[in-house]
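Next, two complexes with subunit A in common: one pairs it with subunit B, the other with subunit C.
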Partner chain A sequence: MSEQKKTDFHVVNHSVPRRDGRAKVTGKALYVGDVKLTGMAYARVLRSPYGHAKIVSIDASRAAARPGVIAFLTGDNLGGLNPYYGHAVKDHPLVAIEKVRYAGEPVAAVVAEDERAAFEALEFIDVRYEELKPVLTPKEALEKGAPLLHERKFEAGALRGFEGDVTAGRGTNICQEAHLRWGDVEAAFAKAAAVVEAEYYFPMAYAYAMEPYVAIAEVNENGVTIYSSAQHPFMVRHDLTTVFNLPVSQIRLIVPFVGGGYGSKSYTKIEPLVAACAWKAKRPVKLQLSVEEAMLTTRSDDALTWMRTAVDSNGKIIARQAKIYMNTGAYAENSPLVCEKATNRCVGPYAIANVQIDTYSIYTNTVPASSYRGFGCAQVTMAGESQIDELAAKIGKDPYEFRLMNVAHPSEEFFPKMRAFDGNLKQDLEIVAQAIHWKEPRSKGRGRSIGCSVSDAGAYPLTSTVVRVHADGSVSIMTGSTELGQGSHTIIPQIAAEELGVPFENVRVVASDTAITPYDRSTGASRTTTLMGRAVLEASREAIEQMARMAADVLKRAADEIEVIKGGVQCGEARLTWSEVISRYYGLPDGEVIGRAYIRKSGDFAKLPVFWETACTGVEVSVDEETGRIRMEKLATAGDVGLAINPALAEGQDIGAATMGMGIGLFEELVYEGSQLVNGSLLDYRVPRFSDLPRDVKLQLVENRDGVGPYGAKGGGEAALNSMPANIANAVYDAAGVRIRQAPLTPEKVWRALKEKKAEGRKQ
Partner chain B sequence: MRLCFQLNGRPVEIECEAADTLAELLRNHLNLTGTKVSCEVQVCGACTVLVGGLPVSSCTLLAYEVRDKNVVTIEGLAQPDGTLHPIQQAFIDDFAFQCGFCTPGMILAAKALLDENPKPSEDDVIHYMDGNICRCTGYVPIVRAIQKAAETLKESKK
Partner chain C sequence: MMPLRRFQMHQPKSVKEAAEMLAHYGEKGRLYAGGTELLLAMKHDLLRYEHLVDVKTVPGLDKIEAQNSSLRIGSVATHRSIEKSPLVKERLPVMAEMTRYIANVRVRATGTLGGNIGFAEPHSDPATLLLALGAKATLQGQTGERSLAMNEIIVGAYETALAPDEILTAIEIPLPARSQRAIYLKFQIHERPVLGLALIVDVDASGNTITKAKAVVGAVSPAPCRSDKADALLVGPKDKVEKQLTDAARALADAADPVDDLEGSAEYKRHLIGVYLRRAFTQALASPLRNP
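Let's look at the complex of A and B:
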């Protein structure tokens, strides 16, 4: 598309203020929790105290008799519904049926006139359990004779998203496996000049979207309508069609502003449960979870990765092999896809001739794991990028130079059968190295590191949109992309304003209502700018083509005499704005033109991934040798985004993602004792605060226009998280000479490592 | 019980239950949903409102505790003609939010800071604001916005 190469942007590539700015600073922005429907009742959920148990009996009659109680829901009063859902594997009952598989699993729900009445009725539900032996780690779950979480075989979800066969429900606790191999790793390791081999751990993490899960459902003769904090309303809609056995046209998901997602609100969460409550109560029902309950709903997969990497005598990486065990918790959710992505992303941004990666996603009696910003990439980059530094140290090379020498080049087909590399990591590395003064000497107790990663991003290219140009020249865009804070509702009108040559102010977005807005598969995998952005660009151009033909019609000229200019057309002396074209065409100052676009796996998007999302991050840390406490002092990012539609928003994604990654590198971890989550509250789960922010932050964007998105754009919502835990581990090694292979690098771990190193030093 | 207090400069008289928190009263009874509730354990600061000019977590303050006091919520910050408070404007100008869920509490905490210390250093901002969590922005643009707002407020007082 030659026009994609335009350079004189008037709206795009400018940091225009956020479209939702005023609403969000005045408290007027509407989130699901702020919505009240007439006649709305409230649900609360009773949760399992056991990690693994049979439900012997459940009696809610005393609860049902409580004042204000309207209805209740248990696993044995779901007649008429198909209670199992899951886009990947249909293994998840909307409320526990016959047994519970993790402590915190919903066992029953009560609907009442107000939240307090619903909450107070919960303790009057009598449940008798028979405890079963829980399995809590992948190791336990794979042992011979280990208790099975799921006894039955599952149907594959219709919108799977992963390529492999469904492994779940085949008589083991394996939820999914993925295998990747090319070349001959055994031969390569045998002839290698140097090899490093070790085990690495990435913890269970909680995304802490500050708005906990919330949904309101209404079920009536029109079907099911749900207001939800979901990232992917169209995927949730699909799960609901199977639960209620209704056609797509009778399930409606509406998503207003979402108070943070980071992957944790992708796919179906509480919607089937609240819809079933509404169906029972015959009233609109709201279910607002607390943060404690949100922590019992989704987390990231933790991962134990064994890895070895080899170089030849020239310092060229020749082989990588890994075996990854991911703990996916009690239900599959999106973990089969995370499993597949972790496998691909384990290779790293390097052209390696011999690769073998084997990944197993294992069911355990813990909170179900699912998408988490980075999607498997952070889990394996902890191993991969630690190992790059370990290997550099072993062969006496500077880790920055070692990366420069080995990263994939622009256009290199570094990953068989996938899109050629569309980034420029050498450039990114140079920018970051300069930003953190890589070559300059370190002061005492300080260490630096540079890390990078690459993700096959963009998910599946299936997106559509409608751009409506009104008779007054203003524009409405119908988009299924949800506004999670990333700024999609700002960049989408920027693109349409750029194309149509109309003021940004006059372009408005109608969003995320599956009954109104055209299909968009998801808002995740950093895909919106690239896919929805491209759809908006093409739909705008389609509207322009139609308006040019209309102008020819009203001017009684041949279509090829009409020239498109900014905001309208020109033909000889005659100039018409879009408003004039439409008004003259219809004979009234009214009516509209509808531009459409469908994006599918074809043309520019025929080859996956949609784009390679690269991270390149540099840090400087200080290590307090007395206490083991680490501080991140400096942070530098290079966002290799092709073209930033809105540079301030693009930088916001980088620092936001890096900060979450810093949290996991330094202190974030969900901790289990037996089958109980013991730090399941914000009192005990520590996230980054103001006082943790690095004082020296340099965010830079690399804009080579090498993506398939609008004007060469690519996405960038996840990258900077992925490299951060390894960045921290490598910088601690640089500062203090201790190698820590388990995130988070808590003061205790660092202190113990330092103590051990001192003890060894004394022995020698 | 009957509760009387000043809310955003106007008197309020309302029935409430002894167990109602201030956040519940504001959101459920007074339809002021700008105040957001997140952690419910006074850690995150999302529910921050000003009581007598000081920032408090409305999720854990009983509504009755504000009797006869002066309460300011995010809805009370802009001028009646819609002109934004300089802190609100600075948050927009500096991209100091993304999802916006922490923003009302963040802006009110910042107001309390600037009322107390009109010219805070970077350290002052970080120290004062440490009780407010933001999961999106990495805090850097918030610090910048608060310092810019301080400048604007200083100019307007000249």
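Let's look at the complex of A and C:
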């Protein structure tokens, strides 16, 4: 579909400065936190101190009598609402009903004239609990006679029907399972030349975003209006239609800038609670969580992965089998999808003839897990890419060469029934190998690793948009994609400017207001450039077609005599800009032309995934063998993005994702003692800092224009995260000879492994 | 983090007035300097006070002055002003250097030395170094002034010997002699150190014999710790001391008696004490004598 040569582009494939950059660094950008509605009241939340308990009684009358208090919300005063939500399964009450399932769960909310009055009233709510035995790990949750988190069966949410059935609520603590198999795994392992088998762990992590969850809701005769920090306003809208039993037209989600998401802001979070508060208070209500409360709202699934992988005598990978236990916390949230995606992504970017993956997402009395950048891919790639290195070591092959030999080839149907591979991993690997000087000797105490991953990305292709060309030639794009910092509001106008041949400056975006902007399923799974980008391209072209017909009309010529040129049309001597076309068509310098596009699962998008998201990362680390501390010395990424609409932004995604993956590799982990999260603040939970990054960073893009997005583009943004934890483990092995299979590789863990190695050395 | 509960702020004009205010409000009041610890703890609802007495409105408490053989740092001096002070850099470079690595620049720009010591958070960098340097804290209450050594003022985790009406006004640090070398090293993963280690050694003219030593380990236990036994093992000819470093580290670790926590296991911390004592020792003996 892409005729232009790379050198022909005048706006796309250029690193135009990001639209929102200046507003953001000068503090002028509007976030939900900045929004203040007339008559707005404030809510604060009382949270459960117990991991698992029955709510025997709850009495908020003392709180209600406090100065400034307007209303309160408890599980037993929700009459009139359908309080359970969840886009996979509706297992999540907007505030605890009858029992609490994790420490930190909202038990009540108070609405008051100001935040402090609401907060100060919380301790006057009298709650009596009867403690129940908590289950904290998948192992405990699956034991015979283990207490059940959820006793009832649930209604399905919006996801059902698109992505498979849900197991939750069937009398066990299994929230979801997914199974994948092809070939004959047992036979393949039986005849293998070499096999590696081990268990790997990916920790519970918090996708720290600078902006914690925040929402403002107003409920009146027109319906429900919510300003939210949500990534996917249309998915949140779906949940609210059932909570309030209202048609789609009466639920409105407005999302201004979002201060970072990384998965943590996908799907519904605090919106039902805030809307219920507003409904009770009959006033607009704002709820702004703190970072500590956000850490009690969502986290990543931690995953214990048993895996074995086999090669034949030629060093070709012939089989992979894995069993994955994901700890999904108290509520399903997006974990059923994470479970399915982890299963698919566990195969890795390799063409393997025999595969069997079995994944279980298990409910436990911990903070509910949900999407985390990479959607399950990071969890299983810790196992997969570690194992590739272990296997290479076992058969005496260089792990880089071993990968080169086994990665899926361009156009190869490496995953049955899915889209053929649309990337070029060999090229990606080579670029990274060169960037980190793979072939050169390592200095003492240093080690290197190169890793890759592949994800069935793009989620479900359902996107629509409107491109409005105004009579002065300027353009407004109506888009449901949210700007989370990833740069969508820069690349979307770049694409329209390219197509319409108008200056980038004149193209503006109206975004993420479900009452105004057309439906876009989500801003996640790295899908915006590919799907929204393609929609904007098609809508622009549709507008052009309309304007060409209008030009024929005003010039009184046949339609086929009109030639589209940059920024307008030409017909013989006559040249008209879009502005002239529209103005002459309407007979006034006013009016507009509306271009539309609908993307669905057909045509280029008939086959899933929308695209294979792939990237390659490489690191060099040094290990202080006395303390066990790892330092990053080099980092290289190759983003296989088809075509970078904005190269600087695409590289920004790669360094961001790689840094996040490095955090998991080095130190990020939520720690539980019993049912209490004990490092639930930024003082104790360590997120990466700039100073953790090496000086030597090389970010590169591979642009083969092999995606289904505009001009051959496809998404990035998650892929550079996935291989990083394994990279760090592999590089530590390369540097110090110890194999660590549990992320994060904290200094103490590395030190212990080294100590054990020394002890074994002495024994021999 | 929660909204701050209501409180009243008071602005004394003298130490005496501040002391009177503290005495008056008792349990309900607290001295407030930069607020980097206090306000954070209040926002986490861990501490509640109805009255805060702002020590910053008392003039003169942020002075940094040199005296004959000591440096006097006013309790309200911020970490940033200490780190940047030409006087500290020249007379007591180890103090400036240690301060440079406290927290982050935002905390250093607001946080004070008095607040650091006054809070007695166990992972304090200054507390460890100041104990090794033999610093004294000057306290002033309604009835008078007294002076305490660092191990007298910091008595446990978040526990000081300050009387309810007492204010820490300054820290007086004796300047190391020409023959002395002072090193402070720390190991850090999170916001605060896992371990801090200060070592002061007196080296004879030959540069090969240690005549006096003081090692202090901080952050691994409720308060910074030292051990006579460890210090004794650190004295003698360099070669001999090198061989005794493991024993010295063990003695220091025994005195500190670290516990398992989020920063690491006790075993790991004991190991780190050994690593850092050796590193500090090597650096101390390698560092040139200060110019006369």
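The rule we apply is simple: the second predicted complex is superposed on the first by the 755 of 764 C-alpha atoms of A that agree within 3 Å, B and C clash if a C-alpha of one lies under 4 Å from a C-alpha of the other, contacts with A are read in each partner's own complex, and residues count from 1 in each chain.
Heads up, the rule we're going with is that a residue touches a chain if its C-beta (ideal position, glycine included) is under 8 Å from a C-beta of that chain, and two chains touch if they have at least 3 such contacts.
A quick note: this is a predicted structure, and the numbers were derived from the prediction, not measured.
Within the superposed three-chain model, A:V291 lies in touch with subunit B and with subunit C [touch as defined at top]. When both complexes are overlaid on chain A, the residue A:G21 reaches subunit B alone and has no touch with subunit C. The larger set of touched subunit A residues comes from B, when the choice is between subunit B and subunit C. Look at A:G487: by the touch rule set out above, it reaches subunit B but stays clear of subunit C. Contact with subunit C, but none with subunit B, is seen for A:V678 once the two complexes are overlaid on the shared chain. Applying the stated contact rule after C-alpha superposition, one finds that A:D472 touches neither subunit B nor subunit C. Look at A:T627: by the touch rule set out above, it reaches subunit C but stays clear of subunit B. Of the two partner chains placed around the shared chain by superposition, subunit B is the only one that A:A658 touches, whereas subunit C remains out of contact. Common to the subunit B and subunit C contact sets on subunit A are residues 116, 290-292, 681-683.
For subunit C in complex with subunit A, the touching residues are 1-6, 44, 187, 189-192, 262, 264-265, 268, 271-272, 275.
Residues of subunit B touching subunit A in their complex: 19, 27, 32-41, 43-44, 46, 73-75, 77-78, 84, 88-89, 91-93, 95, 97-104, 107, 122, 125-127, 129-130, 132-143.
Every residue of subunit A that touches subunit C in the complex is listed here, in rising order: 44, 115-116, 119-120, 290-292, 626-627, 629, 667, 671, 678-679, 681-684, 686, 746-748, 751-752. By the touch criterion given at the top, residues 15, 17-18, 20-31, 33-34, 116, 207-212, 257-262, 290-292, 484-487, 648-649, 652, 655-656, 658-660, 681-683, 687-691, 693, 695, 697 of subunit A touch subunit B in their complex.
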